[in-house]
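Labels A, B, C, D and E are assigned to the chains in the order they are written; within every chain, residues are numbered from 1.
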Amino acid sequence: MSAGTITPWTVRTRTRAATGFAIVAIVLLAVAVAAPLFVSRGTLQDLFFILTMLVLAQNWNLLAGYAGLVSVGQQAFVGFGAYAMFACVSLWGLDPVSAILVGGIAAALLSIATGFFVFRLYGAYFAIGTWVVAEVVRLVLAQWRALGGGTGTSLPNTAIRDFPPVEWISDAFGVRSSQAADILTYWLALVLVCATTGFIYWLLRSRQGLGLAAVRDNQEAARSVGVDARRIKWIVYVAVAFATGLAGALIYVQKARISPDAAFSVIDWTAYVIFIVVIGGIGTLEGPIVGVIVFFILQKTLADFGSWYLLVLGLIGIAVMLFAPKGLWGLFSDRTGIQFFPVRRILKGGPNFDKTGTRGGPHG
Amino acid sequence: MPLLVTRGLTARYGDFQALFGVDVVLEAGETVAIIGANGAGKTTLMRSIAGVLPNAPGEILFDGEPIGALASAKVMARGIAMVPEGRKLFPSLSVEENLLMGSYGRKAAGAWSLDTVYELFPILKERRGSPGTALSGGQQQMVAIGRALMSNPRVLLCDEISLGLAPVVIRDIYAAFPKIKAAGASLVIVEQDISQAMKVADRVYCMMEGRVTLSGRPAELDRQRIHAAYFGAAA
Amino acid sequence: MIWVDTIVQGILLGGLYALFAAGLSLVFGVMRLVNLAHGDLIVLGAFLILVLVTALGLNPFLAALVALPVMFGLGWLLQYHVLNRTLGDDILPPLLVTFGLSIVIQNALLESFSADSRRIPAGALETASISLGPIAVGVMPLLTFVSAVAVILGLNLLFYRTELGRAFRATSDDAVTAGLMGVDPKRLFATATGLAMIVVTIAALYLGTRSNFDPTIGPARLIYAFEAVIIGGLGSFWGTLAGGIIIGVAQTLGAAINPEWQILAGHVAFLVVLLARPRGLFPRATD
Amino acid sequence: QSGPVKLGYVSPQTGPLAAFAEADNFVIENFMKATKAAGLNFEVIVKDSQSNPNRAAEVAKELIVSDEIHIMLVASTPETTNPVTTTCEAEEVPCISTMAPWQPWFIGQQANPGDPSSWQPFNSSFHFFWGLEDVIAVFTNMWAQVETNKQVGALFPNDGDGNAWGDPNVGFPPVLAEKGYTLTDPGRYQNLTDDFSAQINAFKQANAEIITGVVIPPDFTTFWNQAKQQGFTPKVASIGKAILFPQAVEALGDSGHNLSSEVWWSPSHPFKSSLTGETSAQVAEGFTAATGRPWTQPIGFIHALFEVAVDVAKRAGDTTDPDAVVAAIAATKLDTLVGPVTWDGANLPPFAQKNVAKTPLVGGQWRLKDGGSYDLVVVDNKTAPNIPTGGQMEPIV
Amino acid sequence: MQPVLEIIGLTKRFGALTVADEVSFALGSGEALGIIGPNGAGKSTLFNLITGNLKVDGGRIVFAGTDVTHAAPMQRCLMGVGRTFQIPQPFEKLTAFENLLVAGSFGSRKREADVADACADILVQTGLIARANVPAGRLSLLERKRLELARALATAPKVLLLDEIAGGLTEGECTQLVATIRDIHASGMSIIWIEHVLHALNSVVERLLVLDFGKVIGIGKPDEIMASREVREIYLGIEV
């Protein structure tokens, strides 16, 4: 029918809001890099918390929101990365930044080992399976006597203080070494956030991202049109583990103390992360950003109310899920049509179109 | 008084309005056929009557009582059963259990029981123990019809029941219609095959884009008018 | 002899886990609802029984009987007004809502009962034992096991032999079509959760009498319960019992080698079973 | 110095360890009253660790960085004290900690707890409490009062306390061996274990007549019931942690009778508060009057923690100068509600002498009263003769 | 004619039920083969075996000279087996156009930009262009069926397997569909088409294969097959 006709088809993903946002984001980033110059140390630590939680949230979002792999065992990678970093620093005398990298690699290796198991499971089975795997990793590391077993251990003070970059920062800014360490970890967290967000957005815009969405929607059909579902899931699972391990190691460089219960806490590293993603809006890159800010504000304002804080947090989680299942960002973008990270491929040109759904946006 | 009446029935899926004031009447003992192109709103009409889609109470009257706002379970209990488009068997139930589910919400005495359904579709008796989804498409359609009959409904809504069936099965199923009617049910069928519809129906409604564009007895309608009603006046 | 004893104790422990798991298995099987608040609901039940025991001076078993209808009603309302809204293809909404619920229950209990460690007094029964040959078996663990078997048996009959059970399964497959059969899915699901809460109350009775509990102890047991359900296979109640026993025996055997391996051995058993049978021991034909 | 002395205080006010922090409000209110009456200007910023080590570290940082506290006070189990202390060490903020045996506090924060040669003292963190050597002495003294076969079964979990108690170098095993006891230690179990048959079988095999360990309350109940069900009835059970609080013992029903435990503080301790002049008995009574709850051991130590803080602040001069505060802490010589607190290194190995001060410890037994409640009776005071006993050690029937 | 697909003694059982019983046939390159048979005869199952969505119990499948009996579905797709599902299985959250992009870029290992035009053309060809940017989850049943066809085409297959795509169409729509499939066939693609709507089927295919209880009971020219006594009895239900 159409053979021979030259149709001026074009495919478009960018939206106006996204272009505007990109400019704002670059400015924000510049401000963020310079932040240690003009914000207080408390603010810097708050920012560190926000950034690291955001890394965890973006990664979990990639796994659950885009790949359909709802894991409740991400604490395995946080803890494993952190423990690997501790071992490198306190047992083998490596410097903290290299140790963080080792932490990420260790987490990626762990994900390869556990992936063979968890990928045999689907849906809720997968969720529980990942949780059990994380428990197993926790229990095994709790037997590692050199790192304190179930008691845990602390990072030697000198490891950070005498690390040359910390000394440089300390000299350059004229601050104490503990503050210099904060600045360094903050910058690292900033790098990690940008890298993670950038990687995820790049992935979603790529062919693999489209394949990922297809696998999530219908694995059987995806395989029938040539998508290597296994490979895509593996790539995502391992990449997420790597970034989660990096984040875990970084967080524990800053905390300087580790114990199995803390490093493998399902509440801190998975439940809160799920909370952040879902409150913000799962399956969008903007959602976790919104979510982490909301979470931070809640924690700041309510944490001193003891159990009431958690009670309110729980109620808010329930309320959002019931009344705004697409999260706060979903609520906002449905109303306004604004998307900062569009991935939808929109076909333009040719005959007249059905106008519904021709908006840019996420897959979902 | 007619058995089932819709008055100005409207229905929507979110922002999208699928029915715009549909008026359909079913007299007791009648077979009414709804025909129309894809997307005309036939399934939507059936789902509205069955209570799957919510409507204003007075838009649907059954026995003179408003049932538009009732949930499907309540509608079914009053005696309106539906064979849904696409069969929709329960995969984790066996064939027999699927059939038994049909009488869950309405246990009315009548002609239909497990035995009589098996008599109607003997192949189902053979496969009574296998899971509903391990059947071929045609066999599944038989289960879906049998399941709807199990409640001895007063109105049976059949949505494209011949879809995907071998000719021999279609023949068998339509051959069962007189039996079903004889057992006291009035029928509303949605059918794509116009000649088939004309054969079994007492009256025909033709729908287009959410509206009834033509209705009447088969004898009164000629191909030309139906065609026009299908594709708009231009055709 | 010690090995026999170890295995017997493991089986009895498995009964406890199966009891924790049975209610979970029910809601998981009927609604695909991963209920993360299950452990906290058991603790809630234990507090309710405790209140009845201390306020009315009832015997714990009698108190549990009084608690049953209350818990059923609670489950019914919870499902009807909250959890029903989360059901669908996506497992995340129920996951998050029940997680929120878990936090809410824990902290509400903390506010009203403080963090103290409590116990439902069961008098002489707590330490009573009978000897089976050379092995001494506690009456309470035995009662727990028998209750677990009874609960499983009851659920199985209900699920596969009654019309209600058939409706449960049908609705779990396709709620809209079940509606066409005269099922009101919302009420049916509410009934299922109500029933699960009855099982929860029975579990609470044994949780509360066998050891101390406090408002935060729920989640620790949840993972074993999930393991039992999954090892058994979705919707298979006998499978849940088998799963509980596998985990219980693995734990006691692991502990007999070295207590360090106790909990790990249970988890490893879970992983091994799933490695061999990814859909559990007794999977449903389709899910 | 202008402005108040800013104290940060972290404890587990919610979560599973909340029982330890039960008296916090009471103590802090009294502290504020007492200091105001004495014309002192203190501000206390209280943070809840939620029984979560991650959270403990976070709030400690917050206190230091945002609230700019001068002195950190922290209490109750290594899960809270250790992360807070580690943070203070990194931030070079003076820290006073209590209510964790000193070994898990000190060794648990070393980079490699397994290698004593690598252990380093802390610069700005100080701890006062007793140590494992004290609890061992107290337990063995109690056991000596009862005729046994000297076979001891041990329940040590894989947590901060359990690892320290079971440590082959600094824990129970070497000392017990020296004193002629044979220890059966099946291994480190995880907390919240549901079955103890393995341990019970091991104890039965070894014919143990004494049970000891540091167990969380639910686990002890599970163990104790199972032991009885399986026909294992030791003569002595000296347990740390699990039976610290009267509610926990009451939860055992009748079978809590004659269980023995370490006693760090009780109303019969013959010490007075340096802050209010009250005796132990008066403080305990005050607590019961104010809250309607029975006294618990943490009351004394939290009170003492604030006593030390006041004393240090007075002597330091400018509390905004961390070095001055650290020096003041190191020079402390104060008679507190829990006994004298001095970082003089007495009765401590060299590596811990700088940062640890020891307080007296005695042994007690829970006695069932009519009506189902329990009394804690001090039955052994060889380690601290100035604390009066209320009776003799009795075997569990 | 060089066969592009050879089925040799293919067997599949579900428990006691044999749904493919020593099925053998060959599909010539560029040929259009129709499959008919009573409901439950094993037609869809045969497709699932050919595409690898089900594992075979016996026999061999040779595609373009290569034995693919045990190859993964994805590999077979890359080699040139395209299919539609009897019950449509769209990627619901992706738009129709994106559905095709997935199939196009993965099915032929090309970059998205290189297949976008082809995908758009297929949307035109299958009458879906007006709905190109609508999420597939919002399409009607008919549109979903068209999308199945379009998506299979987007993988640029050598052999196209069609499972009941004409059911539920009005006469006009049916005529249109037949024209589309004729076009596709004319472009040289081999086709196997399962269909109960015989007049549509017979106006396209060159040979008909009749399946009953998993057995091939006839294969040949459509009019010969339709005239056979066996087919008239078991399939058309005409007494003879």
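Please note the rule applied: contacts are C-beta pairs under 8 Å (C-beta built on N, C-alpha and C of every residue); 3 or more make two chains touch, one makes a residue touch a chain.
As the structure is a computational prediction, the values presented were derived from the model and not from experiment.
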| item | value |
| --- | --- |
| Contact-richer chain pair [B-E vs A-E] | A-E |
| Of all other chains, the one whose Cα centre sits farthest from chain E | D |
| Geometric centre distance via CA averages, chain E-chain C, whole Å | 48 |
| Distance from the mean Cα position of chain E to that of chain D, given in whole angstrom | 75 |
| Between chain C and chain D, centroid-to-centroid distance (C-alpha), Å | 36 |
| Touching two or more other chains - residue numbers and ranges from chain C | 107, 110, 260, 263 |
| Multi-chain contact sites of chain A, meaning residues that touch two or more partners | 139, 143, 307, 310, 356 |
| Multi-partner residues of chain B (each touching 2 or more other chains) | 134 |
| Complete list of chain pairs which touch one another | A-C, A-D, A-E, B-C, B-E, C-D |
| Parts of chain E lying in touch with chain A, wherever the complex brings them together | 51, 53, 72-74, 77-78, 82-83, 85, 89-95, 97-99, 101-103, 105-109, 111-113, 116-117, 120-121, 123-125, 129-135, 138, 151-152, 154-155, 180, 183 |
| Chain A contact footprint on chain C (complex, rising order) | 28, 32, 34, 82, 85-86, 91-93, 95-97, 99-104, 106-108, 110-111, 223, 226-227, 230, 260, 263-264, 267-268, 270-271, 274-275, 278-279 |
| Of all residues in chain A, those that touch chain E in their complex | 1-3, 7, 9, 11, 207, 210-211, 213-214, 216-218, 220-229, 344-347, 349-354, 356-358, 363-364 |
| Contact footprint of chain C on chain D as seen in their complex | 14-19, 22, 51, 158, 186-190, 192-195, 197-199, 201, 205, 217-219, 221-222, 225-226, 228-231, 245, 247-248, 251-253, 255 |
| Parts of chain B lying in touch with chain C, wherever the complex brings them together | 50-52, 71-74, 76-77, 81-82, 84, 88, 90-93, 97-98, 100-102, 104-106, 131, 133-134, 147-148, 151 |
